[in-house]
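Have a look at the structure below, then the notes.
Chain IDs A, B, C and D follow the sequence of writing; residue 1 opens each chain.
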Amino acid sequence: MTDIARLVRDIADAMAVAPERGEVATYIPPLAKVDPGRFGICVVLADGTAHAAGDADEPFSIQSVSKVFALTQALGKIGDTLWRRVGREPSGTAFNSIVQLEREQGIPRNPFINAGALVVADVNLAGHEPRVAIGELLRFVRYLADDDAITIDEHVARAEQQTGFRNVALANYMKAFGNIHHAPELTLGVYFHQCAIAMSCRQLAMAGRYLMHGGLLEPGGPRVVSGQRARRINALMLTCGHYDASGDFAFRVGLPGKSGVGGGILAIAPGKASIAVWSPGLNANGNSMLGTQALERLAEATGWSVFSA
Amino acid sequence: MTDIARLVRDIADAMAVAPERGEVATYIPPLAKVDPGRFGICVVLADGTAHAAGDADEPFSIQSVSKVFALTQALGKIGDTLWRRVGREPSGTAFNSIVQLEREQGIPRNPFINAGALVVADVNLAGHEPRVAIGELLRFVRYLADDDAITIDEHVARAEQQTGFRNVALANYMKAFGNIHHAPELTLGVYFHQCAIAMSCRQLAMAGRYLMHGGLLEPGGPRVVSGQRARRINALMLTCGHYDASGDFAFRVGLPGKSGVGGGILAIAPGKASIAVWSPGLNANGNSMLGTQALERLAEATGWSVFSA
Amino acid sequence: MTDIARLVRDIADAMAVAPERGEVATYIPPLAKVDPGRFGICVVLADGTAHAAGDADEPFSIQSVSKVFALTQALGKIGDTLWRRVGREPSGTAFNSIVQLEREQGIPRNPFINAGALVVADVNLAGHEPRVAIGELLRFVRYLADDDAITIDEHVARAEQQTGFRNVALANYMKAFGNIHHAPELTLGVYFHQCAIAMSCRQLAMAGRYLMHGGLLEPGGPRVVSGQRARRINALMLTCGHYDASGDFAFRVGLPGKSGVGGGILAIAPGKASIAVWSPGLNANGNSMLGTQALERLAEATGWSVFSA
Amino acid sequence: MTDIARLVRDIADAMAVAPERGEVATYIPPLAKVDPGRFGICVVLADGTAHAAGDADEPFSIQSVSKVFALTQALGKIGDTLWRRVGREPSGTAFNSIVQLEREQGIPRNPFINAGALVVADVNLAGHEPRVAIGELLRFVRYLADDDAITIDEHVARAEQQTGFRNVALANYMKAFGNIHHAPELTLGVYFHQCAIAMSCRQLAMAGRYLMHGGLLEPGGPRVVSGQRARRINALMLTCGHYDASGDFAFRVGLPGKSGVGGGILAIAPGKASIAVWSPGLNANGNSMLGTQALERLAEATGWSVFSA
């Protein structure tokens, strides 16, 4: 057993018995009934080997982690003109805050808060039917993960749609400023479905490889995005990937990462690894409690911080 | 001439003739009368060689760049208990905003906005006379830069003291919440003097070496801070070092950096380089316009982004 | 000709030729095409006599003035329990601000900002079809004005519905906090229709009589609301009736008043008069420019301020 | 015994035994040690008769009630040009909020929040020594109350000065925007002393007579301010006199009033009465709990609301 395999297993073992596991999100029934005892981890190294432990093959709702793939898709469609409609700064507020939009005239601070992700979904919609746009994103994620088994959990999508009043508010609010171009309910349809993509840690770590490899799907493989774009998506993940706890994640873990309310986190060690962790219990900031701890351990043991040589 | 020496010279040549140079800070006379035509750059590599060009040996007022050294000093005094009094999150607001303090009960968001730096100054004061605390910081910076010629510009310090009403407001406001422990005017005295430290690009790049070397003064040299602390200070610089343009700096340059209103920026490429640039004209966010452009060029040419392999 | 008749005519004459008339609201076409040259005024005295001048018999869109009648209706339905869902404080922000709702957990500051009026509409909906609730409000206003010719302008209602994204945002935002009980689109349907009630100055001044007569429809007539409730509605109009210019209106005019973006204002001199003015041009705060000036003149000439003996 | 005398006595009797009395302000020792059992009331009628009960002759710290007299003094000095430096709108925030100042560039929302009162104090300072300005205000209050025994409690003034960091912050913050013209410590000196004026209910009700009499000291007496100015000060008291509970006070009591953290309230029934109540226990909004209740009873029993005929 290699060192990394042992480390991944040790972390999973420790997390399996951790007494404090945070609180599972309860705003929709399908999330509320996930077992807080689950923990999974998968590390895909630069050499392509995958090292998994715990519930690494169980699909979960990736929720906001999908914002990374949707952003990549939108940049592919319209390039840097996206930044006329979305900022690139940490928000200093909660993931679903509407205050900032009033102050800044309907321009969300970054593509990883809900408002920003709605603008990204609006770009990806691009005049199509919502299900066309969703189908396109799903195919993109399957391609990145090299796994056609990835699907959308329709129960989750429907539940989001029934209870997502704050997101409806955000979309309509930005529409009032002209920063949503389609009918808000269509854009919201895309957004709710992308949040409902279900993936396992293994699939997620695979899907993140292009951010480890400077934009290539794998070493010597096809180019997904330019090297500059890969670096910039990593930069956005580092500064904005954990809502109003992004600074703390950079401080503790030191890697670009994007968390979701389903308990998943995708983290990238450029040139070294693409990592996915999952544990459904959340800390006070809405990020996976054990997932964050696992990444902190992993980063410490491997020295993978972007802030060291 | 080495590649890096040529690159540094080319950048300095380009910046010397840049037509748009931003606006020099005017809030105190000593800053207002600095020539906007100046530009300096110095890159100290991991091997200890220094590569300078332009006005790299002319001292300027380092202003908020001093917050990096003062933070390092305060962490040395009281360690991680500092974080009970200061946060680690990007602010989402201007460098001298007082709004956030009201919402968050007198706890500044991070040590690099003015309010946070005032708490740091209050820690460094530690019951001494202000000039003792300032003397200690000055000795620390001289040690880091290996240059005893570094001084405090008393004209600048006095001018800050005469016009710094917003900082007086911030200090008294936090005092009302119990988060300034000394008489506000004493803490302010330390703060105004640390902002008035004058350094050249060469001195500044030298002083930043410990953040390139994982906490060592130089390879094989004495330890200034632990490796973890060096990484964490770098993380704070990346997420919070450019006020409300920190996300943009991470996006464009991809290196931890700290800017000052005097036009200086210290940037760190971990394991590779400690970089100082200076040009007094500021962009709309209050960061050196040409300094930022020079770092963007340098990072692109060298591939030194922390977000690539 | 009585003094008041002459005064009313003089004011109308002066307003007819006023060079600066403000800007007509343009957010929906039916309002945008109203002639800014119009001005109407009607004063109904305590003795029941009506004194009108200018375009006093031309119907206009009463918009937010309807909030007074809708509030009266809601208080009739659920009494003071309404105040668990809406505050009674001036907002300190614009009429359609969403910031306050985030800070105060979905409880609008008062029933005269849009968010508060949406809660009031939600109360009035009371489980019925929207058109039932709207029919009830329309009958109530006709009763108050003693005029069955009052109608709803369906063009305006439809235009509001097509463009009212901010109101959709507000309703959904409060729904997320549980402070809208029906499906947001139903509550919004009621709200958009109540804003589209069309009335002339004469009809509006007649409809406001109960607030002049301590809750009686007319002296010796049937009771609409208790004396205490009439006083309290007047108090709310004074402190909150002109959005973020309520203080200024109290300062200049000194009477309870409620303005609408259609250019109408209803003002009450308790025991003395119910007054309606209309001029479609708005000042920077979104209140009728000439309407405010006319009321200032009227109050000064008659001494009707609530702040004098 | 007249009706009003009996009413005043009944109210005092009821308040003497009220079980819930609120919390005495504790931010300075001289206020913290006031007996929460105290209650006083004095009503001066239009005919000049004074009706007092309870602790109506015991001096207390009038604190923010002084803002009414200081405003009157400042308007006397510079007239309506004052409104270039202070707004006339309710704040929608706490009495000592600094947030609004950042948003509105150092212009306080109204003269009755602390920031506004500091601008008023700065106007009254007018280039003199602080004690000259304070002496002038004290003489003005003695004149209004017809009582030379009124003094400043130096213990209170000193305690304010030692602990008033938030006010120091506000003054310096506005100084940074150029809206404080003197050295902040001088303006603060005036402010802290005016807050420390000690008056009894009887003295305070006497001092408020000019606001009942349309600007005259007493019927047929000398003019203190114009009728318009008296009305306007009343309007400001109604919309802004109880900080962020001004709307509620207007709703419940229906009279212009100004409260202070010492537990005093001055209320005006134009043409009818000048009323002072005092009880040191405060409600959650920082206004006298029993004082507010007493005024609510008095207004209900007498029908003195400005919102009824």
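Just so it is clear, a contact is a pair of C-beta atoms (placed from the backbone, for glycine too) under 8 Å apart; a residue touches a chain by one contact, two chains touch by 3 or more.
A quick note: this is a predicted structure, and the numbers were derived from the prediction, not measured.
In terms of the stated touch criterion, chain B and chain D have no partners in common.
Of all residue numbers used where chain A meets chain B, over half belong to both copies. The two sides are thus made of the same residues. Across the assembly, the mean Cα position most removed from that of chain C is the one of B. Distance between chain A and chain C, defined via averaged C-alpha coordinates, is recorded as 47 Å.
Chain centres here are Cα averages; for chain A and chain D they lie 55 Å apart.
Mean C-alpha positions place chain A and chain B at a centre distance of 32 Å.
The multi-chain contact residues of chain C, meaning those touching 2 or more other chains, do not exist; every residue touches at most one other chain.
Under the contact rule stated at the top, the pairs of chains that touch are A-B, A-C, B-D, C-D.
If you check the complex, the residues on chain D that touch chain C are 46, 87-93, 100, 109-110, 212-214, 227, 230-232, 234-236, 238-240, 244-248, 250-251, 254, 256, 270-272, 305-309.
Chain contact summary for the complex, chain D toward chain B: residues 97-99, 101-103, 165-166, 168-173, 175-176, 184.
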